[in-house]
């Protein structure tokens, strides 16, 4: 069989057996919110809330900042209106609605989101302070705002969470998945997170959809606030599946805390590498390690070229 | 000593002491497979296997899709033929071969790979279903296909594995290293993975070269299926160094399972943060935690400005 | 209230409540070192120290390499001089200094850094050997140099550490934060790391500012060498807060070792998922697991559509 | 008056006094055909009609060319359908029509255009031959197809002319204006041009809307086939305002031939720098120069530093 | 002699014999105005003066336009201030001045330029009208504003002329040289041009520095308003070297009018291909052609394969 | 007939009737010299010959320039070697040669070209002087080197001419066609041009392959030094078809001088808009205009809305 026939048959086979898309209206990507526009909106929101740090480089006069500021907010409003109206095709109440209805709803939701920006900004300022207080290696707050991945992730998360509360489909998840890519920190937009929150280093952190986190919480890299595993996922949608963390809790690296009824009381300090599936009273220090580490002299076989480090 | 002399001497020193490249034929990169082309091939394969989701945006008619499909398969075939023929310079049987021989072998292997695409596509469809069943936060399958890093990683892994089985050098590893960069999930192309596989969140997952994984397995972020450490690595090449995971196993976050003789029996549920170096019978629930967590009231020193959270 | 008024008020509110930047001289980014230039410098340094692997693709003659080499070193010198002089605005001794003074100091520090390149190159060659000896999956050293994220991270780290020792502000941190983004490995530029160092896989590794690591150490993904948590961070600046790891130590995946007084004696093998806050004598094998894993038959409820995998 | 007030007043003034756009539906560019897409269509058409010269570089197998070919034609069809439907907003019969009507008409016109491609290709092959026969400096036909600006301009012109005949608004003009930018040759899409046409060098050539040109005509740089000037332009729309050039005519550089009733008889040779506003019988050689050039010895003033070359 | 030595000697030779730059402060380009910024300013000015046609595509609401407008004017002001301050290094009065002085002068000149924008806009509206009245092929004014090269050139010219009048060095010339590249129309920024000016087609038009052009003038492609040639150029700087064109004059294609004392009286119609070096009274129709064209039957030699079209 | 069938048939028709490429080895572009590389070489050569004006912006130290210089020359050498070896496929002596033979010849020709750079640089310095002496509008030589299109065109022309003399196929023409695109000036690489040459403005200038131009010649926009038209082009290849211009000649705008036996004697001043096909003795001032311009009062019909400017 020649190559042309093989390609032709392969093409037909793959198309015939492909997963069908669920986007209303056909096979194309056209009706999805646009990933690049969403990232642009995130960049603009960062500029708007931190104008002293992320103002446009070519403009430095005060009067210019004012116009730029207004222009950027207006761009956020219009871009977000557009993208939300596309996203509403995935919303059970709107997927069948007229385009004009979705556009109007898009504008309404974008405006409602803008009203929440002052509150997001205020929270983020407490997060900067938390990182500054919590990391002796931080030279100043600028360094945190410019380069800490934990701060970048919480910024996106607080933005996405407000859109989630407004019941905007898909877009909040696109935002946090982008932050996940950039920082290794995966915070579901549904998670409720208090003020003065600090994630140090952050790679591998997972915070599930129905998590609730109090004020002044600090967590380290590799911490999971997750759900118990299921294979009947869609039946559990909407149930509280992730833990509740009280205020003033510290959680060390690589600890996993699972389950919707698991509550970590306020002021607890949770050691690293714990696997916790039940509640902890307030003000406890928790470790899972045995009273004594098991230490034994290394009996590694020295002979031969092919040993491994048994443990 | 003036700057020009310093630079000149430095240049000579660094060149004289540099690691020598092992690519046949000299110091240049020219004879390496090209990273951008490899990524392009991965994107095309995704388009081909999921045409309803990743078809080219500017073309929407059915008749257009057919041509585009054929054109993309043809491009995969030719690009992969080229890249494989370059990669064969790293293959013990072909590094000395004539260019024409390598080109012919490249075409042969690329064609053989295409024959396996229907099987890859079929497996990936079970993986989508696994994610949909396993994650209550997934609204629909589109969301999984578009944005789940775990699905992105397994897609690349299944592609790279088929090339690995065909004994194509280097390219499978370049593919999975790219997925590692994009998702934080590091699956060696040698790993054998069953159907209906789901990696949730995924950051920090490592699956070693000689791992064997059954059907319907679900693993979480930070899980390692690894080898015991060695410092005589090249002597162990080809030996089974990574574990075997039975079907229907669930492994929670941050657990490490090590060793080539370690077998996790089917249906096991492995808790998080375990460190397992020996086999587990089927249908066990495994935790490493002591019967009671060690809880103690927090004796944190309140005085002074410089305390730490001891644990 | 119409949209224009809302945007205008929102703009004023956000500007009035924004975090103030600490960069001397105003609100702009202009006086920061430039991220893209820093990345360019890292790429050039890689080319210079590994000319057989990363030489410019369009030039292959030996005489051309010589000029290219010199040209690249010269570009590193001038670019680094510029960027350091900007960074000195963040240095307590230089933030008030004349621009000319900072420029002169920038050149002096850049030249001093160049003098250390041969030593960095020599260390990196031992790191390549460590990866080759430690990973049976590595086909040859080229594969390590081209694609191992652990090697990429340690390359950046050794560069950044020399700048850190020269007391260059900000830039070392920008460099390692870039490597963190690309590899998931977060090594603070202050960390002191011996020769023949190997990080396998690497996602989630954290090595803190005052860590000290001996020769021939091997660590796996998810390992943390960290500090105990604090909320009075700035008071601890400069104190030794991270552990000391002796030579010939191996640390398995996801283990955390914390505290400035914690010392892991030479030759130790530390199992995975340990959480260690106190010192370990030399030549110990350490695991935190209980003598027996807790195994119980799975009592998963088979009835109904909505069970979870309890653990 | 401060800068902010000045900018604000200036902004208001300029907006209030701006030319109003005539695009139906508002001030935006959104409903214009897209310049980049039009250029993309031109490039694809060139690839399709000259597959041996402009095939995609990464695909070389014959079976691949077939798919690529079909895919490119399909892309032309869909892109052109879209752009024409936008352009119809400028068509008197369609500017008020429903979007669906315009889309259907767009598809119909795009399909009709495709039917004319074989004829365009056939004409262009005669043009290549004309250039090869007419320019001793041409080494082979490849050189003409790859690099002759005159051939590039006539290619665009023949494409645009077919769309003009189909009464597609705007797009034909956008195409020829692009060719004008790239080659300095300005051929209105309305011009009727015979087979075996050659424009040598070409910069400054202008061929007006109602020009009619026979077969085997050759013109040089700077030649104008234009209209007599008017200041009541819109009243003349549709009238024949540009000349008719018979077959086998040659027109040397910088000659202007003007007027709708001006006819150059077949086989004429028109010298350079003529300004012709009346008809010429067939088979004439035409020059405007006086029998004798006026030659005088140069009386240039040699004294002083500031003379000019009087003439 | 080996290649390395040849290159080394060649490098030294070329550097030693290179033309020295005249920019104060050394060999680098750093102190030149930046070409890309200048082009950006031109694009912004077009957007500002024609907001209905060139507003930013992503923003369509009225309130957004207002902010965008202000932001763009502010960007023009700051970018132009910067670039002018760099350009002043080429101004005899400022090349030795302190940087602060030049910056202040840059701001002053940029502000003075902004004050002239309303006048420029008003002139350009008359130019659009002139093109619409003068070209029967123009369907509407949008087409002129979007795509006529003659309009593009006069837009740049009117902007550059105001900067020229403000005695800004270099930048006006950079602007018109950019328009020359894009349209083939070369208008020196010093030229004084009245209202309602139309250049049709335009390729090859040259308008010299000291030209003065009245209102309602229309010129065609290839028209030169130039100076008599000189080889003592710098001695003539500032002298009127280019012609004066009265109001209501029409000049056909490829005509050259030279000399500072040459005056074309108002209402004249100048035929194509004239070469005029002396003044013409008002209301004349001027042609240079002899009463009769010289027509002769074509005596082209029909025999042989190698004849040319003699003339 | 449905769209799919139409496209399929169209595709087959167009491929079957396409012009065949003449490149040896098949239908692809792969074996052509690469346009972007050629442009890169031109940019590098400009940097090398005018280091004070076009040195790389990021490097300013003297010692850095030296390395950059050497590196750029080396890049020119290797890139040109590669491209010439590809171009030799179009050379009658080499199109059948082994690849290794062509590569060796490529290197030899590239080296020979480098030897001519000092002479090119020396000529270009006289051209800068000619422009400075000949244009009162030039403020300084920097302005000429940075922005005069005439200087840009002669720079490319002098480079391409040396390659033409070395009998390199295609590449010289690609170079000058690029300059034609950028400046509107079309100089064939075969033309022989003396020192101190100045093209003012330049749009529309054409200088044919066998033109010979003396020293200190100055020509204006629209000047053609061309051949008499032929339709038997290939028979004339190699014959002298373009004029000879003596030293110290000035040619005004839009004049055409044609024919291989036409000689313009030294010191002549040729007026604009002449069409000259026979020789002119030395030191003549030449105009084609009649003793008196034909002036007539304008009898333009004032009545009615639809008159034109008859002439």
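Lettered A, B, C, D, E and F in written order, each chain numbered from 1.
Throughout what follows, a residue touches a chain if its C-beta (ideal position, glycine included) is under 8 Å from a C-beta of that chain, and two chains touch if they have at least 3 such contacts.
These figures come from a predicted structure and were not determined experimentally.
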Practice item. Determine the shortest chain-contact distance, in steps, between chain A and chain D. Key: 1
Check your understanding: Which chains are in contact with both chain B and chain C?
Key -> A, F
Practice item. Report the inter-chain centroid distance for chain C and chain E in whole angstrom, where each centroid is the mean of the CA atoms. Key: 54
Study note, to complete from the structure: Expressed in whole Å, how far the mean CA point of chain C lies from that of chain D is 58
Practice item. Let me have the rounded angstrom distance from the C-alpha centre of chain D over to the C-alpha centre of chain E, please. Key: 23
Revision key, fill the gap. Note: chain E residues in touch with at least two other chains are 3, 7, 60-61, 63, 66-67, 70, 73-74, 77, 184, 203-204, 222, 227, 229-232, 235-236, 250, 252, 254, 258, 269, 271-274, 287-290, 309-311
**Study point:** Those chain pairs that satisfy the touch definition
**Key:** A-B, A-C, A-D, A-E, B-C, B-D, B-F, C-E, C-F, D-E, D-F, E-F
**Study point:** chain C-facing residues of chain B, complex
**Key:** 3, 6-8, 10-11, 13-15, 17-23, 26-30, 32, 90, 169-170, 173-174, 177, 180-181, 184, 186, 188, 190, 203-204, 206, 208-209, 222, 224, 226-227, 229-239, 241, 250, 252, 254-256, 258, 267-269, 271-276, 280-281, 283-291, 305-311
Review point. Which of the residues in chain D end up touching chain F in this complex?
Key: 48-55, 57, 60, 65-66, 69-70, 73-74, 77, 111, 114-115, 117-118, 121-122, 125, 128, 132-143, 145-147, 149, 182-184, 201, 203-204, 218, 220-222, 227-232, 235-236, 250, 252-254, 258, 269, 271-275, 277, 287-290, 293-300, 309-311
**Study point:** Of all residues in chain C, those that touch chain F in their complex
**Key:** 58-61, 63-64, 66-68, 70-71, 73-75, 77-79
Point to revise | Footprint of chain A on chain D - complex, ascending | key: 2-4, 7, 61, 63, 66-67
